[in-house]
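One chain, chain A, appears in both complexes that follow, with chain B as partner in the first and chain C in the second.
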Partner chain A sequence: MDHETLQAIWLTLQLATATTLVLLTVATPLAWWLSQTQSPWRAPVGALVTLPLVLPPSVLGFYLLVVMGPQGPLGQMTQALGWGVLSFSFTGLLIGSVIFSLPFAVQPLQHAFEALGPRPMEVAATLRASPLDAFFSVALPQAQSGLITAAILSFAHTVGEFGVVLMIGGNIPGQTRVVSTQIYGHVEAMEYTQAHWLAGGMVLFSFAVLMGLALLKNRHSRVWP
Partner chain B sequence: MSDMIVRLNLPRTDFALQVDLSLPLHGITVLFGASGSGKTSVLRCVAGLEKARDARIAIGEEVWQDDAKGLFVPTHQRAMGYVFQEASLFTHLDVMGNLRYALKRSRSAQSGKSLETAIELLGIAHLLQRQPAQLSGGERQRVAIARALATDPRVLLLDEPMAALDQARKQDILPWLERLRDELHIPMVYVTHSSDELARLADHLVVLDRGKVQAAGPAQAVMTAIEPAVVVGQDAGALLQGQVVAIDAPWHLAQVSFPGGALWVRDSGLKVGQAVRLRVLAQDVSLTTEEPRNTSIQNHLPCVVDAIAADAHASQCLIRVRCGESFLLARITRRALAVLNLQVGSVAWVQVKSVAIVQ
Partner chain C sequence: MKHLLLALSTCLLALPGHADTVSVAVAANFTAPMQKITAAFEQETGHRVILAFGSTGRFYAQIKNGAPFEVFLAADDETPAKLEQEGLSIKGSRFTYAVGQLVLWSPQAGMVDAQGQVLKTGRFNKIALADPKLAPYGLAALETMTRLGVQESLRPQWVLGENIAQTYQFISTGNAQLGFVALSQVLNDSRMAQGSAWVIPEQLHTPIRQDALLLRKGQNQPAALTLLQYLQSEKARNIIRASGYKI
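Coming up: the complex of A and B.
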């Protein structure tokens, strides 16, 4: 395997790991709020979170580019803070990935929290646990399968993204070139052998992830004798 | 002795829950009522799991909710234990983990000791390493009670803790509850719609019907008050506190005397001098105007008719009779009432067909 391919794989893993960590931190409180609130904001926020699921990645990428670019509001701010422009950088890619995979993290968590019902939290309160304490000591451990699903889906979905990456990352080797865009590059250059290796690897990886997820779900839903 | 004050309003879809109660802080208070009478809501409001309006909830000098002062203490700061209707053990922890969960968060220095006592009294020492899913329904509820006691609460609230258990499993847990009542000095408020549990456990009784308190007071007095008896329905009956005074070994019978008379009951290994609680159902009591002779019914006592009330069905009525200092209920047809010409103050005889020992 050549240096560029290894670099692309390494970058992909870095991006997916960082995205997953950021997403779990952001999505957990968001999913909890969505599962508990009766606020009128629930529906619009829920729709906004799900939006990346239905939008073409190019639309999302386009707006992100506009916002983060030198003339965009975020771009202006980052420049004023001396961070430069985020588009066509790893940080920009990370922001794009987090937004793009947000529904994949929020939805399993939200469903897991909703499935708990109010009872475990009520029980915790009667045992002197404050709401925050109860969240960490009861809600999170009991929603463990949702947490694992969210993490796996976020990771896998980030590995598999292409459109957003291309739009806001370009295809800069070592900086923003990931496996999916590398394959694209190989195909463009008619390097079918290399494309085959990478594409086949992606298929295997994705299959293994989904298979693992299914096995995990089985284990969690097994009924005790 | 200080009391527990529960005064609250809670609008519900079909009726408004309105109670104003002062409950003793000792023994077991049973909140009795049909499903949907609002009894669980009262308990949830006391725990702060639901927020009532115009409420004042206080236990002794500790005020948990006072809407006049805008005070509402959140559930996790109320010194009470709560046992839910169905299994409420944390499934991500084993039995010991569940108990430790409460212990770690208790603010009382006594908690360790309370938990040890609870484990002993509820007989769960051999279950500590198990997972909740490996316990029977009765065992789960015993662990849940021990967990609630581990917080060293000032009052233990129990919401139909046996409703999800079958008859056999109920016998797995009732004796343990009686042990708790006798050995610990923690007041309990016990919600149920089962008159069996009521008869066995209640020291103090509150009868709720469609959100209103129908009667409240010492269990024996409330059980023989005539209006709540109509609410209790099929299982209406008197509770008598008595003492075994004689054993008729050849016939396997025991005589229990109570203020105002004595009854023969089945001897199930009773000892002379033992205190027992008897339950006499209204449907097992009949009335005659002359002393019964040549009857198979062994128990008859002279009495005076004290009160008469219409029953749920138009063919029947409920009669309260006084035997000495005690009261019994009899359920008879209205035609019999007319034929025998019974009125308040009439002298009669009660025949008791069946007596249950509930303790």
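Coming up: the complex of A and C.
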């Protein structure tokens, strides 16, 4: 395997790991709020979170490019802060990936929280646990399977991300060239052998992830019927 | 199932009037002139033309795997030559329909000077070019920078578009302050739309020859041949020239 390919694989793993960590931090409180709130904002926020699921990556990528650009609101902000423009950088890709995979993290968590019902938290409250304490020691451990599903799906979905990266990445080796764009480059350049190796690896990886997820679900449903 | 499909497609092929529809795969950079040429062609001949726009490399993969295109207008001359060699086209049908012109362009006025000195100063955030591995315009941009001796110094500022259309997008949205695109992209009715540009002199890179050819699927398709002839007519060539190509 050549240097560029290894670089692309390493970058993809870094991006997927960073995206998963950011997503779990952001999505957990968001999913909790969505599962508990009676607020009229619940529907619009829920829809907004799900939007990346239905929007074509080209739409998302194009708007990100505009928003992060020097004239865009985010671009103006990052420039004022002295960070420069984020497009064509790892941070830019990370922002794109987090938005793109948001529903994959929020939805499993939200379903897990909703499945708990109000009982456990009420019991915790009668035992004088503060809401925050109750959340961390009761709700979150019980929603463990949702948390694991969210993490795996975020990771896998980021590895499989293509359109957004292509639009905001600029395909710079070692900085923004990930496996999916590398495969695309091989295909476009008619280097089918290299394309097959990477693409085949991608299929195996994705299959293994989904298979692992299914086995995990089986085990959990046996423990908590 | 296979037999059924075969029978069905034979029926479709035998339908009268089918012979008047031509499917054409067109390199993305040639979108605007091809739409104009097609409109004129359809009006004059009564044939119908179905256009698909995309990258030359992807079209190659699709044609090799049985895509139903009858005519191919590529963005280079290598891919058509390859198709010819592999027997996927009609021998002798290949010709150069346009020669692309490379331009260094910025939407900012005064950013790019008439001699391209800006490349030596490097006073810009990013410079966009199409991936030299994938796009002939990218390769021409690379050759130009090499010829000017700025390839190494500018490399850290490169951003690569997957094709020439995406490269244009990087620049027009301001994410890269300048970059190499096709002259046809920045011309609007034969005039520069906005910003500043330097049309790269021909001697700085190998000519960007764009070849067209009749594919095997268009073998028994008179309308496909008529379209290829029309592409070489003076009327079509005027449209091509006005769009920023040489021919």
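As a working rule, the second predicted complex is superposed on the first by the 222 of 225 C-alpha atoms of A that agree within 3 Å, B and C clash if a C-alpha of one lies under 4 Å from a C-alpha of the other, contacts with A are read in each partner's own complex, and residues count from 1 in each chain.
The rule we apply is simple: a residue touches a chain if its C-beta (ideal position, glycine included) is under 8 Å from a C-beta of that chain, and two chains touch if they have at least 3 such contacts.
Because the structure is predicted, anything quoted here is derived from the model rather than measured.
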Task: For A:122, select first, second, both or neither according to whether it touches chain B, chain C, the two together, or no partner.
output: first
Task: Look at A:96 in the shared chain and tell me whether it touches chain B only, chain C only, both, or neither; answer first, second, both or neither.
output: neither
- request: Mind working out whether A:146 is in touch with chain B, chain C, both or neither, as first, second, both or neither?
  value: neither
- prompt: Does chain B (first) or chain C (second) touch A:163, or do both, or does neither?
  reply: neither
Task: Applying the touch criterion given at the start, work out whether A:85 contacts chain B, chain C, both or neither, answering first, second, both or neither.
output: second
Task: Quick one: classify A:57 as touching chain B (first), chain C (second), both or neither.
output: neither
Message: If we overlay the two complexes on their shared chain A, which of chain B and chain C does A:137 touch? Say first, second, both or neither.
response: first
Field: Interfacial residue positions of chain B with respect to chain A in the complex
entry: 47-49, 74-77, 80-82, 84, 88, 90-92, 101-102, 105-107, 131, 133-134, 147-148, 151
- prompt: Can you list the chain A residues touching chain B in their complex?
  reply: 119-120, 122-131, 133-134, 137-138, 141-142, 144, 224
Task: Flag every residue of chain C that touches chain A in the complex, lowest number first.
output: 55, 57-58, 60-61, 82, 125-126, 128, 131, 133-134, 158-162, 166, 169-170, 173-176
- request: Enumerate the contact residues on chain A facing chain C in the complex.
  value: 62, 65-66, 68-71, 75, 84-85, 87-88, 166-167, 170-172, 181, 184-185, 187-190
